Structure formats: structure tokens, C-alpha cells
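In the part that follows, the structures are each spelled out as C-alpha cells.
One chain, subunit A, appears in both complexes that follow, with subunit B as partner in the first and subunit C in the second.
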Partner chain A sequence: MNLSLSLLKRILGTPGSSGGGDELRRRRIIGIAAAVIFALFPLLPFVDNYWIDVGFYVGIYALLGLSLNIVLGEVGLFDLGHTAFYAIGAYVTAILNTRFHIPILWLLPVSAIAAGLFAWLVTAPVIHLKGDYLCIVTIGIGEIVRLSMINNPLGLTGGPNGINGIDNPHFIVPILSSRQFYYLLWAIIGLSAFLLTRLQRSRVGRAWNYIREDETAAKALGVNVRHYKLSAFVLGAALAGVAGNIYASKQMSISPESFTFMESSLLFCIVLLGGLGSIPGSVLGALAVTVFPEIFRPFAKYRLMFFGLALLLMMIFKPGGILPRLRDSGERLKKVVETKKARSSKPGAGCEDTADILKRANSAESADRSGSINTIDRADNVDTTQRSECSAHAETGGAQDKLLLRIENLGLSFGGVTAVSDMDLEVVKGRITALIGPNGAGKTTVFNIITGIYRPMSGRVLLRGEDISSRLPHQIAKAGVARTFQNIRIFPSLTCLENVLCGQHSRGKAGFAASMLRLASQRTEESRMLQKAQTCLARVGLSDSADSLASALPYGKRRYLEIARALAAEPELIVLDEPSSGLNDAETLELAALLKSLVAEGLTIFLIEHDMNLVDMVSDHVVVMQSGKKIAEGPMCDMRQNPKVIEAYLGSEED
Partner chain B sequence: MSTFFEQLVNGLTVGSFYALVALGYSMVYGVMKLINFAHGDLFALGAYLGYSLLTGATGKITASMGLWGGIGFTALLVALSVALAGVLVERIAYRPVYPSGRLSLVVSALGMAIFIQNAIMAIWGSRPQAFPASVVPSLRFSFFGIPVTLLQVTILGISFALMLIIWLIVEKSNFGAAVRASALDRETAILLGIDVRKVIFFVFALGPGLGGVAGLMNGLYYRAISFNMGWNYGLKAFTATILGGIGNIPGAMLGGLILGVVESLLAGYVSGAWKDVFVFILLIAILIFRPTGLLGEKTAEKV
Partner chain C sequence: MTIKKTGLVLGICCAALFLALLAGCGGGGSGKTVKIALQAPITGDYAYEGQMAKQSVEVAAELINKAGGVLGKQVELVIVDDASNPKDSALAAQKAVSQKVAAVIGSYGSSVTEPAADIYEKNKMVSVGYGCTAVRLTMDKERKYFFRTCGRDDAQGLFFGTYAVETMGAKRIAIMHDNSTFAKGVADEAMKALEPYMAEGKTEVVYFDAITPKEKDFSAAVTKLRETKPDVWYFTGYYPEAGLLIRQARDAGLDCPFIGGNAAINDDFVKIAGLDVAAGALMTQEPLVTDVTTDIASQFKSLYQEKFKELPSSPWPVYAADALYAIVGAIDKAGKLDSDAIAEAMRTKMDGVQGVTGALLFSDRGDRRDVPYKMYKVDPEGKLVVAEL
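Here is the complex of A and B:
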């Protein structure tokens, strides 16, 4: 029974894991087989030019699918006008070739750059729009481009009839036959897929995925959301421009009919059919979308009807796509950035490394555990000892401690409702400051202002004396403030390790070129980031779950994952929004121990909390808010006796 | 000046088609948070059903009912059948996919749109069809000096009556309150005891029903209909929805009318060929400066 169950699991692929080695191996075999078939296909005796051309159009859709996958699959931006970029590539090639007789292959990079530039120009003003609004804008862009081509501006595009007489490419020999076109195109697809896979396994690719999974969390942890969204559009458009160039030279003529909204929706379907963010999936989706109508050609007028129905059935029975992306395990990510030299000259060097990390991780964990036992002991004594020493404990050492964060005269209102007003607050370095107050007091709003999610209407936020109130969230994260969220915001379909790596994003700088070429600097940086992330996971006791998907974690552990992610940002100040909510008593004690040990290591913590026992256990200083204003501050035990605070929580006595 | 008013009346007529179709988009989006890409093709289905009812053997029946009886009967039958089609679309394409998330829904909607479009082509053929000439007598008269045709008056009359009824239902009745509540927050609406399934049934019957009538009137107005007309009208109507503020019922009506008028004025005074380009540029400009549309409310992002 157990055996058959595990067998079944293996066949279906275990949900909630990053895809075991078995699945990876199976996919690799299928992938190699597919590559061999694609390479040999035009040479098979029974394959005539007609089917080679079908193979070519599969390739065009595959390339377009890969390009849309960057925007839609990796970043999750609804782009239903992607054909516009394809059209720009095709028309740039056609116009420059027919007018100035520039060779087609020279125009390949030109088309890519033109399409990318166009994408940047039209998406830069609208990139901040959300979901469906961006979707309708992309549809609009697609229509504007198509209609402009029809209207023949300056006599350039040839109107509804398009442009004829485009040359063939010339690569050593002139590329004329179906077979030559087929190999040219698939070579480009192979190269693109190779480079895109490298991007996926890098800081850039992960940043894209963070945005797709949770944009707010991504920017609060240091991802420059605007930059990565725009770059996805530019790169996707450039690749579509390449497809346009090859398509134009193969067809020798182009017309606006090839660039309709229907084409854009077809591309959308290719990405979804294959699996969001999956590179082999996009190729497979292109195969399905091109070959399906071909097979049903005998049924002429019903074939697209069947096609529509097939799309629908796919979404009912396999909404995740045919080949959903497998996430990489930590082991795999590590292997990828290890230099060949290191692997060959020092056999086992990698193992030593891992062992070393594990050892350190374990010791950190055990230290953590013993720490937690200590604090639990202390926590038990809280009632008897700490209370009596209350006022003595109050402001000891307050004077010589340095100020890390200072909020002055802060104010913000939403449509006439005042959320925060005249708020002053100080967070001292190396201490735990707690912000408490009844629901709706404006605590989370203060946090959102500190982390740059909201911009205050009045007042300043000073970090180490520097005004950060007009900075963007990712800049604030880089300046040393990391946060967690009240209603947990993890990246559900990424692994726990990848979640934590998000914190490290702002500590790295590898960009597109470095990641695609896998430069030495990128590899060193990547392995440093991986190590740090693993240490942070170990710090909260989640080492065992490193390779499982974050969505598979139980609630309590998700809070820890968020904390690990914030720690990985190497912050000076960590801002926690109700870290104990949803945790049981034992888990809360553990949390208290963790917070204390973090502060002991030099971190500064600022937290919102409703659990007064936790506040009592950990906080050095408490600020109480009500209706957007600070009503009291001091040590917790003083707050318990402060009439204003009691009134805020329990209502005044007259009531 | 008379061209201006002529274009204005023409724009209002086209705008009323957009408005009726936009209502369907908006109501469905409100409750399901889904762009019903099949909606434009249901509009085309309405046009084709109307064509079948007004020509051939059935044409004799509708003709025997007199002018208004015939048009009323055709409109009713078209509305009911397209409403039924709308409900079926929801059952087949959306309900089973709903749990899998928004992206799957988009693909499912596109699949349904392709299916309906090609089903229309399979039934009625790929060549454009023409509505019979002057079902409504081509009377011209002057309204305060503005020349209007009887057909325009009829279309505007029916459209505004329908819009008024929808507005009364959605804004004034108890059931309308349930629809609005489901649009604001589906989960809370369910918790408060609103039968969201009933609301979904309602929007998927009413929206396509209105769209079908708009398709019929569009056929009467332009006479030529083609199987793929739904894409273009759907796109325009959806633009109108966004313009007015998606999910907002009066916004959809206003957006449709404004879009129609702007379009005809552009065609009349600037350039007919470039009018659609200007319309989309206008849409993008509005979204940049007022991302939630003309009547949409600004909401703070909850973090």
C-alpha cells in the first residue's frame, strides 16, 4: 500500500516539493530526446517541405512564446498585445531591407533593438498599472500598431497590402530552402532558451518571480519593481523582434493581417498551455497550438472551433499547463555557479563547503535552541522578578545608546480619514521597541511609511539621521530596513530557499549580461548569496524545508520564513508586523527567544504586537498609539499602569 | 454646425451599442473579476440570430406582426437566446475553471471566444451577411433642426429604456444591492447570506441579453454583419468599460456613450482611418492619469 502510494506520488510528481531528482532526470531525458527529434526532423525521408515549414512556424511561435513567457510567465504581467513587438521587428526588417537593401542578418539585432526600444517607450508610462488595466493597455498598444501599419504612415508600411520583396538571409551561404530556414530558426531558439535558462537561475530571474508572486513583498525586500518589469518588457519585445525579422525574410512579404489581436491571444494561450514561466513548456505550447489546427485541416471550417474547445478543456483539466516549471533545489543552484576549475582541481570541495555550512547551521540552530530554553526560563520568572524591578530597568543605558530611527511629526490621511497625525517616535539601536495600540490605531500605517510603501503627507522619517521619507521601498530596504507583514506575504510557488534569497537581492548587483554569461563575479556573488540564505534559514530552524515550496509550509513556519527572508537582507533595523499572530503559546515563546538572540547579535527590532505577554518578555521600550496619535511611551510595566493606555484598551470609566 | 450635430447623433447611436455591451463586461467583471472575452462574440451571435429571424421563412412571420410587433418580437427572442448562451458560457467555460485562478480564466475565455466565433462561421458562413433593407422605414425628420432618422430614434429609444431599467435594478432594488455587494467583496457577500450563484446567473443572463439586443440593433443600423465582428466591438466596448471605471454600472453606460461620440467626432473632423488609433491613445492617457476610470473610485492598496 505504502509502496504503491509512493510510486503513484513519483509518477504524479509530489506536490509541494521543488520536483525531486527523479522528475528532473525524467525531464532531462525527454528534453534530450526532443532536441534530437527537432534536429533530425527535416532530414527524415517522409518529411516534405510542407511539414518542414510547419516545423518552422512551430519555431516562430516557440520564439514568440519564449518572449511572452518573460513578461507573462516570469513577471506575471498580463500582456495581450505582444504581437505589436513582433510586428515592429518584422516591419523594421522589411522597410530597411526593401528601401536600403541592408542584409537581413544585419537587421536581426536592429529589429531586436527597435522592438525593445519601442517596448520601453510605450510601457514606461504605464508600467505602474495593475493587472487588468495593464492588460487593456497592452491590447491598445497592439491595436495602435496594427492600425498604424494599415494606415500606411508616410507611405512606409504599404497599407493593408503590406510590403513585398524582402530578401533572404545570407549566412555563409544564402538561406533559401525550408530546411535552411528551419535550422537557422531553431538554432536561435536553442540559444535563446539556453540564455533564458541561465537568467531564470540568477538574481534577475528570481527578482522577476518575486514580483509575480507578491509585488509588495518584493519591493519591501529590495527589488526595484519598476526596473525589473520594464526590463522584462524590453527583453521580451527584443526577442519578439527577432522572431519578426526571421518571419519577414521567410515569408518575403508581410501584411498587417499577421499581427492581429487573435495572434496575441494565441501567444497568451501558448504560455499558459505550456506552464507559466516554463521554457520547455513554451516550446511545447507552440507545438500544440500550431500542429493541432494542422491535424484538423481536413475538417476545415470546424478546426478552430475544436481548437477553442480544446483550450477550454485544457484549462478545466490541467490549469497549471502541460510542463509546469520545476523549481531548482539549493543543491542545483549551488552546482550551477561552481566553477569547473574548483570542481575538478579540488574534488569534494563543494561537499566540504556544504558540510561546513551545515555544521555552522546546526550549531546556530542548537545555539538557538539553548537560547530559547534560557529565555523560557527567564520568561517564567518575568512575573516575579521583572515586575518589581520595573522602574529600575526602565531607562538604563538609554542615554548612551545611539538613535537608529527617528520619526518626526508624521501625518497621513486617506480621503479625509486621518490614519496618522503628529506622530513622533524613536527607535534606539540594539534594542527592541514595540508599537502597541488598539485595532485601527494606525500602527501598520506607520510601518508602511517607514518602509516606503506609503509616502507621508507631513513629517520626516530619519534613518541614522538621514531623511528617507521620500525614498522608494527598495531603496529603504537597501539602506538597511527589512520587514515582515501582518498578513504573511511569502512567495508561495517558490522554494523556501528562493524566498529567503529575496532578502539577499539588494546585497547583490549581477545584472542581465553577467547572469547570462555567468561571469566569475556573478558566480562568486551567487554562491555568497546562497550561503547567506542557507544560514538565515538555519537561523529560524527551517533548513530541512529549504527545497520545499513555501506554500507547503504550515502557518507558523511561514512567519519564520518571513523573518528569515528579512534577516537575509542584512538589515540594521528589522520591522515586524504582528510576528506572533496565529502562533500558539509555545511558538510565541520560541519567537521571543529568537528575537532576543537577534538583538544580542546587534540587530535592532521594531515590532507591532497585540500579544502583551510577548511585548512584556522582549521589549525594552513601548510606544502606545491610538487613533493615529502617540498617547504614551515607556517600559511595558509602566504602560500597564498608565491611565491613558488603560482607557485606550478598555474604554474610559464613564462609559 | 449641422455636421457636428449629425456626428453627435451618429456617435450617440454607436455609443449606445458600446454602452449596452459594456454593461455586460462591467457586471461580469464586477462579480467574477474576469474579462469575459466571449462577450463580444455573444454580441455577434445576437446580430446573426436577428438576421435569421428577419430573413427567409421566419422573416415572413416577423413581418406579419407589423413593424413594431416584429421588431419587438425579434428583440425579445434574440435577448432570451443570447442570455441562455451567456448562462451556458458561464457553466461550461468559467465555473469549472474558476478555482484555478485568473490566468486560466483568461485562456478559457479566449477559448470560448474562438469557439463561438467559429461556430457562427460554421453555421452562417464566412462571407458577410446583410440585414434586409429598411426593416424600419427610412424616415428622416428634423429634431430642433438636427436631422435624425426613425431608425436612430428607435435605437436610442430602446437603448436608453434598457439602460434606465438596468440602472433601476442595480441601483434601487434589493437584488441590485446583492449584485453590488458581490462586486465589492465576493467572500463577504457569501458570508452575509447573499446567494452569489444567483447573482452570477443574473449577470451572465442579463449582460449577454443586452449585448444580443445591441448586436441586433447594430445589424439594423449598418446592415452588414460578419462572423468576426465581435472582436472589434468587444474591444471597443471593453475600452468603454475601462473608460467609465470597470465594475461601475453607470460608468459603463457613460463610457460607452462618450466613446461613441468621441469616435464619430474624430471620424468627422480629424480622420476616419486614424480614429481607432486616437481612441486607444486616449484610453491609455486616461489610464495614466486616472487609473480607475472616470467614475471609478480610488482605493488605497491594502498592505
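Here is the complex of A and C:
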């Protein structure tokens, strides 16, 4: 139905790798070799200006590929009009240079800002569109820009003829020769790739990936989706603007013919060919789309056919791209945020730290495991006793504890179907509250309203007495509510550690500048986030899988990963949507123990559950829903005898 | 395993460099020939034009070589492909420069020619355009080494304006283009040529608008055009749209004379429009090679027909051949392969140098002097003939 989304799934669905040592080492050797070849290439005796220029255009496409990679690769937004931003950069440079004789290199930031601003203006109103729809809008943007250039608004763009007589850049010496242009461009690419790599390994880059993997989950765990999507467009456009600036000054004349839809689709090919989200992949993709057609030029008419064939084979046999991105291991993430000083003063400090954490984590885990058995035993014991004197227990508990979440008079309907109406509910701090009811009772809708995914039509949701019903999901997450989903929503092509880091997103602040410059504050924050994430992973017993891709986890463990991710958000209230579904009996017992121990640590849990045994074992208070309304509440044992509840589950013959 | 794979990758890199070496070494050349490059759209949207240009230049080179070549050496052609795209054009120009040719013929399309002309200028290499008619190529920027054998847009526009008003007596004129550099250029120049007549009240331009190239359904444009009730309709775009436009206009009941610009009408136009509709369509154009009767033209035609059977169906390839004649003539007059001397000869010493379409004389700015234009007509058999006044 939605072509772009299914394509994205197919690409990301191919088994990736999570930065194993060998692969990493190999990539590093190739990377260094490639850098050396690129640096020395124009100096080789047999390379003439033609091949240096080919290298230059590889660079232009590499830069454009990197810029589209931010939007398409990192965030998964299908942008088929990226050439528009490239054109804006080129035209801003050309117009300001030919009219006011502003030097080209001064116009470099100006072009970047202009393209970024333009991107913000045109994408802000449409950024909420998904998949194909956004794709079509971007095609429109690309065409509108090209046609505007042709129609010569205010006599600025020179119409179909374009603009000629653009100056050469001047950096200490005038940059005239093919070789100088080559080095100027590749220096810029090097710098961009360096900064983008830093971004990738930061809170910002991960937020982009979370959105690509699962927008809803990202939102619910505190990622401001709109902000990060827009920022990706703006940053991508700015980089394309830089490419436009250099292209214009090299070419000396520009015309709308250089900014066609074909160019946009070529950029698309570059990113897909290289691998979504892969920086070396984008460069390699650019190399492929520029050099192949040049080599095949003697075949004249057939050259594009060869090129197309190569692309086709590529997509069949390696849909993930030539150089798919390797996810960073936890150790690597840790290393990059460590200061040089710390590393040199304490040799092997990094390893020690990791070891420390692992040790601590393992002990916590084993303690947890042994504890869990006890808890289960206890739970079983409590179970029997509770059944006899449960009502008294509930009475005393309810009165004294503090109220954390309160739902008043909640109502929501979809079209004519009432999902929830007149719902009142209270979740008391430090307790486990369960929401049960037959299928279609509206339980998940209540959860979605609490976490901000739906907005209620009537009523309020109060968190610690504050109305949160009009807040956005990421704000609610920040306010202290974290959740899991009924149909597990993990980020499959990220590592488990990265998955859990998502929870920490809302607890960090580092933005673009801090991440690119790797400021001290950002590094401290990052290492704090890493530690927290590792602890949370250990808490659910997944330390060993920290560096493996989430998609490699078996089903049961994915549940735990989701819980760890929610825990990493440092919530007060954790909202679990059917945590036991798909788990076997032993796993369910383990889960019960985990939930109990979390509450013991002061967390409040609100869960939807179908497994009555689990509800029985863990819950302090149970709310029963049917057809969007609350029909009963109280301790589980009371509910078992409540005629309304029995009717809801079994029908009315019980009467 | 790891080492093996790394080795493989390095091996591929070496192979790529080796390829680069091979391609790069095409240059050099022997002292026995004079290398002249043809930059043309061998691939891409106008590959059709590029291929014909290549054939025409090959024929001209063969004729020149039979007659003794230039400076006692044979002419050797080097073909570089610009795929009618400004970026590829810059690369093609760089390739021609790297191969150290004496001069370059090229290219087709003004905005494609421009970046190449800049590179040739920078490298002090004479280039002679054959299918680039934008006025600004020679008038905006002073280029010492750039020339062209084809006319400028204003020449064609002026010819149309005069013909429409003076010969046809048109009172209501419609001008349509497709926003491409070339088509809009001609349309603008036609408009300029009509302005004096409009000031006198002799005529008026009732329609001036663009259609979108590569579309198939032009009914909206045709309806709008019909409502303006034009006496004559000038379309300055290319043949695929021209064919569809005239077909759809006739179907919609618009029957005023259709005049195409020099890219609008060729054999494909007739095929697309259908013979019944195409017959009678007019076209402003430099004379086709079939209507040229110089000595060189008859030699050229017979050799071309012998080699490729059919004569070029558009005028541009012949200008490419003329560009070769001009370059060879200038080298002969200059007596050496020095670019400055060749450029100098192109401007001042071309008396007596003849090409397929006649004398090859150039103005100081590099434009060809006295480019002839004619009004052509599609006859009932679908052939282009000179229209009888």
C-alpha cells in the first residue's frame, strides 16, 4: 500500500551486522586505503585534468549523497526532490556573486543557510506526512524550484539560459585549476563526513535512527519527532547548498538543466546503492554512479542500460547497499566520548570502566535472578493468603498512598465508534495497577491517551495533579511516563544498547552543535546515558546481547528489551501493554518477579494484561473495562467474584 | 579471509586506476595527424542529433583528407560525448583538452555549450559551436576562442517576425515555447522583432506562453490558444511536442497556419502528427543540406548518402561539418596549430574558405556572418520543401 515504507522495510530487513571486530578492522583498512587513493589521485603522473574533473564530480555527488543520506538514510524520509536544495545553493551563489561580486567562499555559508531556510519553509507544513505522501510532495518541491528558475522570477535567475560569469573561489590563492577544485571539494567532504560521523554517534543521530525504525515508539519514548525530521531536512538542505555553491563556481555558469528530477533520482540511487545511513556508502555510491557511466561511455546509447542493469543486480543481491552502516558497539560508543586526557592518564581506563559496569551489572543480574525465585515463591505464598484477606489489604493500601495518575471523565470516539467514554481511573504511586477487560474494551486506547498518542475528546489526564492531556507524546515521556507496546515496537536494525539509549534521549540535552563539536558537557552526558542504558540492560538480563542487533533477539527477550528501554527513560510511571503476551509460563513467572522488584524500587506500574495469573500475582489494584467503560475496580480476588466482570468475560448465562 | 577480501578490494582499486591510465593515455597522438575533437550529444536526450553530427563530421573529414588534409597532415577526429547535460559537457570539454586536440567542434544546445566554452576559453583552445543559437553565448561575455557556424536566435526570430507580418499579413500572432533555453530564446527574439510592428499597430501578439515538454496531453494549452483566435501560430520548441500539439490543435478545430521553429519539424514530426495534419506546416529554418547547391555540398551529399544512405534530416549536423571546414580553413590560413593564430585567422583571414552551406566568415564576436534563413513547408508527401512565397 505504502510503497516507500515497504521499500524501507525491505532494505532495513536484510540481515545487517553490528560492527563485529573483523568487519570493523577491514572497513578501517579499506577506509584508509581509499583516503590515501583519493588524496594522491590528482598527483599521479598519468591522471589528466579530465580524470581529476571526474573525481571532482564524484565529490559533488558524494556531498549531495551525504546530504540526502541525512534525510533518507538516517531518518528514512523519502525525498525525491533533493536537487531543489542543491539548486537553491547554486543559484544563491550565482546571483549574489554576479550581481554584488561577493567572493564565492563567503557565499558558502550563505548558500548553506539559504538552502536550509528554504527547506524549513517548504517542509515545515508537510513534515507530518508519511511515506509516499511526503515523497510526492518532495517531487513537487523539486519541480517547483526548477520551473521557478526557468520562469525567471524578478529577472534574477536568467530563465532557461541560467546565469553565467560566476567567479572562481579565492582561498589564499585563487582556485582555478581542476586540481585545486578537487582538493577544495574533498576537504569539505572530509570535514562534513567527520562532523556527520560525530552526529551519528550522538543523541541526535540516534534520535534520527529511532524515527526511521519506528516513529511511534520513538515518539512515545521522548523523541521530538517533528523537530528531528525538520532538522534533518534543514541540515541535509544546507549541505546540498554547499554542494551547489562549489558546483556553480566550478562550472562558472548554471542553468536549470542541471537540476532536473533525474538528478534527484540519481541522488536517491547513490544513497540506496551505498547503504542507508552509511557515510562511506554514500561516497562509494557517488563513485559508482559517476565512474560507471564514464567507463561505459564508449558503448554510447547502451551505457545507461548497463548502468541500470548494474543497479538492478545490486538491489537484488545486496538490498542493504554495498557498505551498509555498521552499528557501533557499546565499547566504541564509550571510547568516543572519553576525553583524550582521561585515556592517557589512566591507561586501559575504558576497559576497566566497561568491565566494572559489566561486573556490577552481572552481580545485579544474578542477585535479581536469585531474588526473583524468592519473589516468585513469595508471590505464590502471598497469593494464597491474599485471597482470604484481600479486601482488607486493598482498603488500607488505597487510602494512604499518594496518587500519581488520575484520569477523569475520559472520552474518545473514532468516527461513530466510541472507544472510551466516561472513564475514571486512578493509579497510586508505588503500586501495580492492572487494566483488564475483554478484547476491544478500549484498554489500549486509554494507554494511547495517557501517553499522548491520541488526544481525548473529553476529560483530562492528570499526572501528579497536572493536566497532560494536551501534551505531545515526547513531552509526556519527559514528564515521567514510559511505555511498552502490545505488538512489540523495538528498533530492529539498531543494537540492543542503542535501543535502550532511546529511553535516555529525553534525559539528555546535547543538540547539534554540542554533538558535532563534542563539547565536554556532551561527553559527560553521553557517558552518563551509556552507563544508565547498560544498567537497564543488565536489569532485564540482556547485558550479553548489548551489541547484537535487536532483530536478532528471540521474541521473549524483545519484550525485556522494550521494558529496559522504558526503564532507561527514568520514569515514575511505567505503562506496559500486555507484557506477557507470547511468553511461556516460566518466562511469565520471571516477568512477574521483575515487575515486583521494580515496584519495590519505587516505580509505579500500570499494565494491560490478559494473563489473569500474572494479574493475580502482581497487581495491587485492578480496573475492569468493557466497551469503553469502567465496570468495576478493586483487588483481583474481588474482581473474580464480581458478577459484572464475570458477565463481561463469559456472557450473561452465569446469572 | 579478511586479508583475502582486503586484497580483493585493493586489487579492484588498482584495476580502476589502470583503467584510468588507459583512458588517459588516449592523448599524445602522433605528429602525422591533426587532431580535431567533436563534442556532441552522442548519448542522452538528443543522441539522434549527436549521431548525425558525428556522421557529418566524419564525411567532411574524409573529404578533407582526400583533398590532402591540412598543413600536409591528415585530420583525425576525436569524439567526446556531452549527453546534452551541462555537467557532462564540462567533463567532455576537459577530456578534449586533455587529449591535446588542435580545436574543437561543439556543441549542440546553448546551455550545454556554455560551460564547455568556458573550459576551452580557459585552456586557450578554439571551439566552434554548431547547434547553439543563444545570443548571449557571444554577446554576454567576450570569448576569444569561441565561434559558431549556426545563426543566432535573433536571426530566426527576426526572420519569423518579418515573414509573418510582411509576407503573411498576420494581424493576430500566437507564440508558444517550451521553456527550454533554445525555444524561449527564439520566442523572446521573435517577440522583440514584432515590437516595432505592434507599435505601428500592424499586428498584435495574442498569445505568448509555454507548454511543458514531454507531456502527452496539451488540450489545456490548445484550448487557451484557440480562444485567442490567432492568424498564425509559431511554436519554437522541439519536434515531439510539435507533432502532438499540431495534431491536438487540428482535432480541436484550430486551423490557422502552424509555423515551427527550426527544431520543431523533421521526419519524426511528420510521423507523430500524421501526414494529413503535418502537410502544410511551415518552418523557419536555415536551409537544409538538400537545398544547398555549392560544390562542397554536392560532394558532401553524395559521400554521405553512400555511407549512411539517408541525408541528415536536421540542419545542425551540417553546421558541424561546416565547423570542421572552418577550423581546417583557419589552420591552413594561419599556417600553424597555434590557438591564437587559428582564432586570429577565423576572424580576419577566412576569405575564400567554403563550407557545405557556403562562405564561412565570422564577426569579431565569433558569430557567423550572413547565415541564410528560409521558410520551409511540409509538402503532401511529408517532405520538407522551400515554401513558395
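Rule of thumb we're sticking to: the second predicted complex is superposed on the first by the 629 of 655 C-alpha atoms of A that agree within 3 Å, B and C clash if a C-alpha of one lies under 4 Å from a C-alpha of the other, contacts with A are read in each partner's own complex, and residues count from 1 in each chain.
As a working rule, a contact is a pair of C-beta atoms (placed from the backbone, for glycine too) under 8 Å apart; a residue touches a chain by one contact, two chains touch by 3 or more.
Nothing here was measured: the structure is a model prediction, and the numbers come from that model.
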Fit or clash - subunit C, subunit B, common subunit A: clash
Partner chain(s) touched by A:Ser265 [first = subunit B, second = subunit C, both, neither]: first
Partner chain in contact with A:Asn448 - subunit B first, subunit C second, else both or neither: first
First, second, both or neither for A:Leu129, with subunit B first and subunit C second: first
Partner chain in contact with A:Met315 - subunit B first, subunit C second, else both or neither: first
Subunit B versus subunit C as contact partner of A:Asn151, first or second or both or neither: both
Touching partner for A:Asp53 - first (subunit B), second (subunit C), both, neither: second
Which superposed partner A:Leu304 touches (first subunit B, second subunit C, both, neither): both
Subunit B versus subunit C as contact partner of A:Ser253, first or second or both or neither: second
On subunit A, positions contacted by subunit B and by subunit C: 147, 150-151, 301, 304
Subunit A-facing residues of subunit C, complex: 2, 5-6, 9-10, 13, 16-17, 19-21, 23-25, 27, 42-43, 47, 81, 85-87, 90-91, 94-95, 97-98, 110-112, 114-115, 118, 122, 134, 136, 140-141, 179-185
Subunit A - residues contacting subunit B, complex: 72, 78, 125-126, 129-133, 135-137, 139-141, 143-144, 147-148, 150-151, 216, 261-262, 265, 268-269, 272-273, 276, 301-302, 304-305, 307-312, 314-316, 319-320, 414-415, 444, 448, 453, 485
Residues of subunit A touching subunit C in the complex: 22, 25-26, 29-30, 33-34, 37, 44, 46-51, 53-54, 57, 147, 150-151, 159-162, 164-165, 176, 178, 250-255, 257-258, 291, 294-295, 297, 300-301, 303-304
Of all residues in subunit B, those that touch subunit A in their complex: 29, 35, 37, 92-93, 96-97, 100-108, 110-119, 121-122, 126, 231, 235, 238-239, 242, 246, 273-274, 276-277, 280-281, 283-284, 287-288, 291, 298, 300-301, 303
